[in-house]
Amino acid sequence: MEGEIRTDLALEVQERFTEDDVEVKGVVLKEDFCEDGRMRVTRVEILNEHGAEVMKKPVGTYITVEAAELFSGGEDGRRKVSEEVGRQLGLLCGDRIKRGDKGQCQVLVTGLGNREVTPDSLGPLVTDQLFVTRHLLMEYGEGFLNKHLEKSKDGEEVALSAVAPGVMGQTGMEAAEIIQGIVKRIKPDLVLVVDALAARSVERLNTTVQLTDTGICPGAGIGNNRQSLNEESIGCPVVAIGVPTVVDAVTIVRDSMEGLLKEQGYNRKEIGLFLKGVEGMRKVNTMFVTPKSIDEEIHQISRTISEAINYCFFDI
Amino acid sequence: MEGEIRTDLALEVQERFTEDDVEVKGVVLKEDFCEDGRMRVTRVEILNEHGAEVMKKPVGTYITVEAAELFSGGEDGRRKVSEEVGRQLGLLCGDRIKRGDKGQCQVLVTGLGNREVTPDSLGPLVTDQLFVTRHLLMEYGEGFLNKHLEKSKDGEEVALSAVAPGVMGQTGMEAAEIIQGIVKRIKPDLVLVVDALAARSVERLNTTVQLTDTGICPGAGIGNNRQSLNEESIGCPVVAIGVPTVVDAVTIVRDSMEGLLKEQGYNRKEIGLFLKGVEGMRKVNTMFVTPKSIDEEIHQISRTISEAINYCFFDI
Amino acid sequence: MEGEIRTDLALEVQERFTEDDVEVKGVVLKEDFCEDGRMRVTRVEILNEHGAEVMKKPVGTYITVEAAELFSGGEDGRRKVSEEVGRQLGLLCGDRIKRGDKGQCQVLVTGLGNREVTPDSLGPLVTDQLFVTRHLLMEYGEGFLNKHLEKSKDGEEVALSAVAPGVMGQTGMEAAEIIQGIVKRIKPDLVLVVDALAARSVERLNTTVQLTDTGICPGAGIGNNRQSLNEESIGCPVVAIGVPTVVDAVTIVRDSMEGLLKEQGYNRKEIGLFLKGVEGMRKVNTMFVTPKSIDEEIHQISRTISEAINYCFFDI
Amino acid sequence: MEGEIRTDLALEVQERFTEDDVEVKGVVLKEDFCEDGRMRVTRVEILNEHGAEVMKKPVGTYITVEAAELFSGGEDGRRKVSEEVGRQLGLLCGDRIKRGDKGQCQVLVTGLGNREVTPDSLGPLVTDQLFVTRHLLMEYGEGFLNKHLEKSKDGEEVALSAVAPGVMGQTGMEAAEIIQGIVKRIKPDLVLVVDALAARSVERLNTTVQLTDTGICPGAGIGNNRQSLNEESIGCPVVAIGVPTVVDAVTIVRDSMEGLLKEQGYNRKEIGLFLKGVEGMRKVNTMFVTPKSIDEEIHQISRTISEAINYCFFDI
């Protein structure tokens, strides 16, 4: 299909091939439903370099939790999403975390994005709401959390730290540089990166969570190329959590048009010609599409993600 | 042309007819350029009911100041826009203000919109930055402003008050109800309404100001029908200042598609069929398109409008 | 005792007389404890003009809920305070609300104070979090709430509206003027006024709630005299909810000094001489004392008050 | 003198000795007035270990700019303070900056403090408003700034980066740890630390700026002991800019009392006894005194400091 779709979701890349009945070698998809079908958990595994090239994403595992209905179902629904995301996060982090000599593991959460731009503020908002423990364990010593958190997992204590490094236009530094520096200084066992993503479909905005063990390339989905954050660049395993909060305006025009043209019986080549026209729309390029209620939704979704992280590491 | 274009700008309605080479009786357009062509001031006058029906806007004067280049030219450029908007506002308010017995005139500015929703927060942000004087004149008496503002216009003093009434979902009241109550209590000579608008063209977002003496119908451009704010409903002359901050996502898809189809030589009827399909896109309906930098731009434009009002009434 | 203590809490005025073993005729005090003594509910009734003169507060009922320990006890403790405040509010509003002909009663909540000044933002923050229903009942008709809120009180429906009128320096209008206008337009059966107060004791900051049926005089506790909000000025019954968020810096100096001097055995006259000196401290007058964690506490207490109001009127 | 005064200002420590007519060996004071006496620039130099011990501050230079009158004199006055602070900052940084091989110097500004606590948000607010250039020089190469900033200083280009590391309760890390990590990664020639301070005198709040080449011990003035930020701990020269935004409530009580007692002729020993009593006031300890207008003032002063830094390094 002509033209490039911008999306940070591996699931949406995969779906595009399915639309065209193309099977991609080296990519495995598995889906599960829970909560009476109101939550869908999809696992896309990119197994080898061939799959990576076709999918334009690195080799690794991409887990997507979709739960639009639960998000609109108030506090209880939202909490169910938190717990499932927390559970999937635990599975993904799993053996990536090698415990230090104190039976503790050190996790550094970094919330990427610009606090001053609403749909980009997810990362900083999540870091604001975490149960940060590293300084407590350093001050009060081993065993402190196990004593105070009755529900805490047996033995293992997580020293969690969190930072929102800001964006390059504000700091003059790549987020990667700041995180590299901090990682070298505090030596975490795992870096968890939280970021707002771009999706292709408006239905997914603020209702979908993607977890991946491949790290992240900030801004990739909206055409900004920042330095990647992954084990290679950071020097420690990186797990990323992302939530799509915007759709590129060009994407929405392109998709709407493609849908209509298909409906009206145009063939693939004719459609392709149209879509090339769309790519040329310059002005639209600096525009994004976001729900009218984004200011409120970003607070809901940031709470969900922070609860998922707290649940994953502290059973709270 | 099939399908309805949602826009709050009379200028954009007018342009649509021009696109199709249609002349509308009862509507007069006049344009001026200033600042070496970097600012365009357009005056659309709807003279009679026929014009009003075709334009779907009330009889009256609509002044549009467009200055994209100046807005991107830093503080000096922005200040030039403030002054031109202030000058046009003065002309429009002109004889609408009948002075009270004290040689003062009372102006109530109402900033419509939702402070918590970035592109809708223009009105509240403007009211935050006004030079409010009513309480000073009440406390220190006539002549106080003339004494303290050397540059103030000869003799005439403006008792300015300002309120951001909030939106119905937050207050349970129509903005019109709140303003009616306040107007009855404090009896201003003029009500100035500031609101964020919807445009058809993304180029106009945060770079265009519309002034009109017909009042305003809040939310009309994005399909919410609130009670109108005009002399009839409020009981005192109403002048409105609006700035487009969003484009409806359906509108952008529709316009992009129409442009492409025209380019490819489709005739009007064929294009019409396509566009009917666009109107049916349900999900997109709750989405809007806004610049990536809206959080910053809304602060710039709110400063510009508040400076224009301060300049108009106080020469500051 | 020499010098004037600035406090908005009737309870603190009463306590001052008790300190000096003075009994005030025309004032009755009653106290109750609940939640194992962790919550104290005090009822001060000023019965007649003599009591009013001595207490420097209007005739009426002042209920104070003190619960420092519960506030520090997390979500559960805080919720217990919400419910008790909601219950006391229901008792106080009680027969003040005469139902309209539709079996509905109309309540207008007004959140006084300046949204931009942290310790003064209580009122606006509370109005942001209310369950606003007036527009729903107007649009969907009688019975709408009873159908949708299973727990709603039998038959009676409350049409709740809410407004934050801002402060005079921002609006040029007294809060009283704005509220008078709105009350005349929408004709509520009851006005509920929410405001931040000044206390004498730092222990009471953000841990104490005062309810009164006498209305309120905004800013009285910190020496600003605004027009009173009561049945006489507003034209409808007024119940006020206040929470002390600041102590005047002069007050804290004065009280600390008085305590020390008493401890050291000085007599009343000598102490009086000292305290006159304190009143003269000019610079301190524009300073207030507030907890280091005020930004966070103001969010907690605003949630508590909004939940109390929602609980009182909607059983939610 | 009995009891300890908490202040971050070297000038206030010095003044205390002067009050008691004590001369401190190893400490030199020099004062200058400018702007017709409306600005006072004081230079306290602690020359040796003896001075450091008595002053309880490290050996080094402390420059204080006091300009209460200018701050209240609107935009022009404020700008004069910016320029003087910028000039003094330039002198202090002076030969601390050894240029790198590219004729550039790298400056990292770190804004300490908690963005969510108004009087502690100075540092983060300053970093938000800086002219950040490091990424531009890295992308567009040497000479980029000289070409675009006509007024830029001849030849020398400053690659400025900025970060607000947050506070330990939010991040689990000492600010020092984060800064150490970043410094090791990006290797600046100079670290500039911006922080809110505690003063002894309310007159100095938001009107006084202290510059020092000794680094900073965050939270020292209000009794929190964090790791110091200085050349020894950070591994690169550290210059600190601080503005007092709070007075400890105990300090204000203590000072008011001391003043009164002196006035009334008590001798030093009697006064000392009194003051010991003040130190015991436990509850007051978590309270601070801040101006009623702190929310607005913090924005003014943060603009002043960011302009001073921009002026110092870019002549803008």
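In order of appearance the chains are A, B, C and D, and numbering begins at 1 in each one.
Please note the rule applied: contacts are C-beta pairs under 8 Å (C-beta built on N, C-alpha and C of every residue); 3 or more make two chains touch, one makes a residue touch a chain.
Computed from a predicted model, the values in this text were never measured in an experiment.
Chemist: If you walk from chain to touching chain, how few steps can bring you from subunit A to subunit C?
Modeler: Tracing touching chains, the least step count from subunit A to subunit C comes to 2.
Chemist: Which number of steps is the smallest that gets you from subunit B over to subunit D via touching chains?
Modeler: The fewest touching-chain steps linking subunit B to subunit D number 2.
Chemist: Please tell me the distance, in whole Å, between the geometric centres of subunit B and subunit C computed from their C-alpha atoms.
Modeler: From the centre of subunit B to the centre of subunit C is 39 Å.
Chemist: Counting only residues that touch at least 2 other chains, which ones in subunit C make the list?
Modeler: Where subunit C meets two or more other chains at a single residue, that happens at 116.
Chemist: Hey, how would you classify the chain contact layout here, line, ring, star, complete or other?
Modeler: ring
Chemist: Quick one: which chain pairs are touching?
Modeler: Pairwise, the chains that meet the contact rule are A-B, A-D, B-C, C-D.
Chemist: Can you check the complex and tell me which residues of subunit C touch subunit B?
Modeler: By the definition above, subunit C touches subunit B via 116, 127-128, 132-136, 159-166, 168-174, 177-178, 180-186.
Chemist: Help me check something: in the complex, which residues belonging to subunit C touch subunit D?
Modeler: Residues 116-118, 202-203, 222, 247, 249, 252-253, 256-257, 260, 263-264, 274, 277-278, 281, 283-284, 286-296.
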